[in-house]
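Labels A, B, C and D are assigned to the chains in the order they are written; within every chain, residues are numbered from 1.
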């Protein structure tokens, strides 16, 4: 199965720029389906980015982050070929993880 | 030549009723159509008309550029590429059904098939390819059909629409039918495609900026934030019909195909930008 | 051909969710958690006002600062996807949070930064209607904030 | 604009000012179905379909008043859509960008 995570991480001379896109419905719990029933909340709560054993960013998200969420940030250091481990966990306990290489 | 002219005149008479003037040539129609939009949006470079509302509204363009840094159609694009490269049960694949093995050909669709005498869209050709190879057809409008057309469009980016109207009265009739569909008011709201996407293009309708009809199909399939998913040209056409309070036609109905033929021919020269994102 | 979505068995997932809903477990009050992610500040994410959310998240209030750049559109093209970017020239930023007072829950996202991680994050948010967007930056144990209004004509919450 | 005006008028007329009999309701629904059948494909108005469905549902539920009223509305809307299509047979040419 294809990963739910896509990462572009580019190592520059002093820092690494990271962009990630995650495939997730991010149902807020406030939207009704076509039968008029509320779609229960189903959203990512936490995403972590780990580089060289260090968590460079932790994202805590509520239900108002957009569907198929996107995030962009940068951290100091990082070299081409380094690994960046991205992991998400949602409110139903589902999780996915991806190890990306810096380019 | 003379016979053709005669045929066309007869055809025009059938289409429009005896009293109506003979229609301009498709080429003259296209020239006037493109001039209308160039005149309406003098700041917009011609090649940019494939970017819909973003070509004519700067603040929206900025948000779009941010979204395009990592567009949400990326997942569909991946899925489409994998499916495109996966062999059918009989060992053949999509590539065997198309010229240039299906790569970089989006801009030539839809085309008029002089054998069957009808307009063939890319989506229809994909399903005919599947059926010919013993596979079940895909559902139109969203899902895998959107993913595969996304991939095929992506391999055609930058190639200008190159739609031909062959020397065949049926092709000309299909074009005229598409034109009539585009300009006819329908639905309880009494709007035509043209009322929104020509006369009011660039203006706000509810929250949306109305995209100019020129190049409007170049970005398909699209990920629409409003849908939260991918949609094909069929999805857009059926949604438009419903919004005008007219019951939509079935996907790939010949009337929608003729409309796509007309719109794509009118956009000749505008580069393919698909897959795209839209609000 | 099957769609390779994130949930290989979508039907089962929906059925489970529906069942949860029937049992009253998936209601409004945020009791839908089969398992909350460790460290996810649930209480802060359940507050209707920014003040309450910030009190629970940081235990303090913020002062306005011009050293925070909040980049948001003036008019959102669609409330379902509003690009938001926050950056700051303040030293030693440890956390960045984003709040939308007019949303059902004010707190939308909160980022914890390691030393060396730049004080700059970008993401996409849902907005139910026209609202201020508030960016809160924690620097040197203090809270700083700024806000900007985003007009929403097409709501991002099913409207 | 005329289309809109007539539809609004049709809505206004739809309030049942009379008690319909079964025969009247059935006749009204039959007339609405006949009018709807004339609609051009691609220009069957959404509210026509809605009203017709409501009329048929009411008929099945023996609610003659509602059936007759909804059928009258469906018929009026259907006839208007047919008229619109007919008018557009030639009127569309005035909109062509030349």
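By our rule, a contact is a pair of C-beta atoms (placed from the backbone, for glycine too) under 8 Å apart; a residue touches a chain by one contact, two chains touch by 3 or more.
This structure is a prediction, so every number in the text was calculated from the model and none was measured.
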Joint neighbours of chain D and chain B, given as chain labels: none
Contact-richer chain pair [A-B vs A-C]: A-C
Centre-to-centre distance between chain C and chain B (centres being mean Cα positions), rounded to whole Å: 37
Whole-Å gap separating chain A and chain C, where each centre is the average of the chain's CA atoms: 14
Between chain D and chain A, distance of the C-alpha-averaged centres to the nearest whole Å: 52
Junction residues of chain D, two or more chains touched: none
For chain B, residues contacting two or more additional chains: 67, 72, 79, 82, 228
Set of chain C residues in contact with two or more other chains: 4, 80-82, 85, 122, 124, 156
Which chain pairs touch, all of them: A-B, A-C, B-C, B-D
Touching residues on chain B, where the partner in the complex is chain A: 67, 69-70, 72, 74-75, 78-79, 82, 228
Residues of chain A that touch chain B when the two form their complex: 2, 6, 8, 19-21, 23, 67-68, 70, 72
Contact set on chain B toward chain D in their complex: 16-17, 20, 24, 29, 32-33, 36, 179-181, 183-190, 192, 194-195, 198-199, 241-242, 245-249, 253, 255
In the complex with chain C, residue positions of chain A that touch it: 1-2, 4, 15, 23-24, 26, 28-32, 37-42, 45-46, 54-67, 69-77, 89-94, 96
Chain B residues within the chain C interface of the complex: 59-60, 62-64, 66-67, 72, 79, 82-83, 138, 143-144, 147, 204, 206-209, 225-226, 228, 279
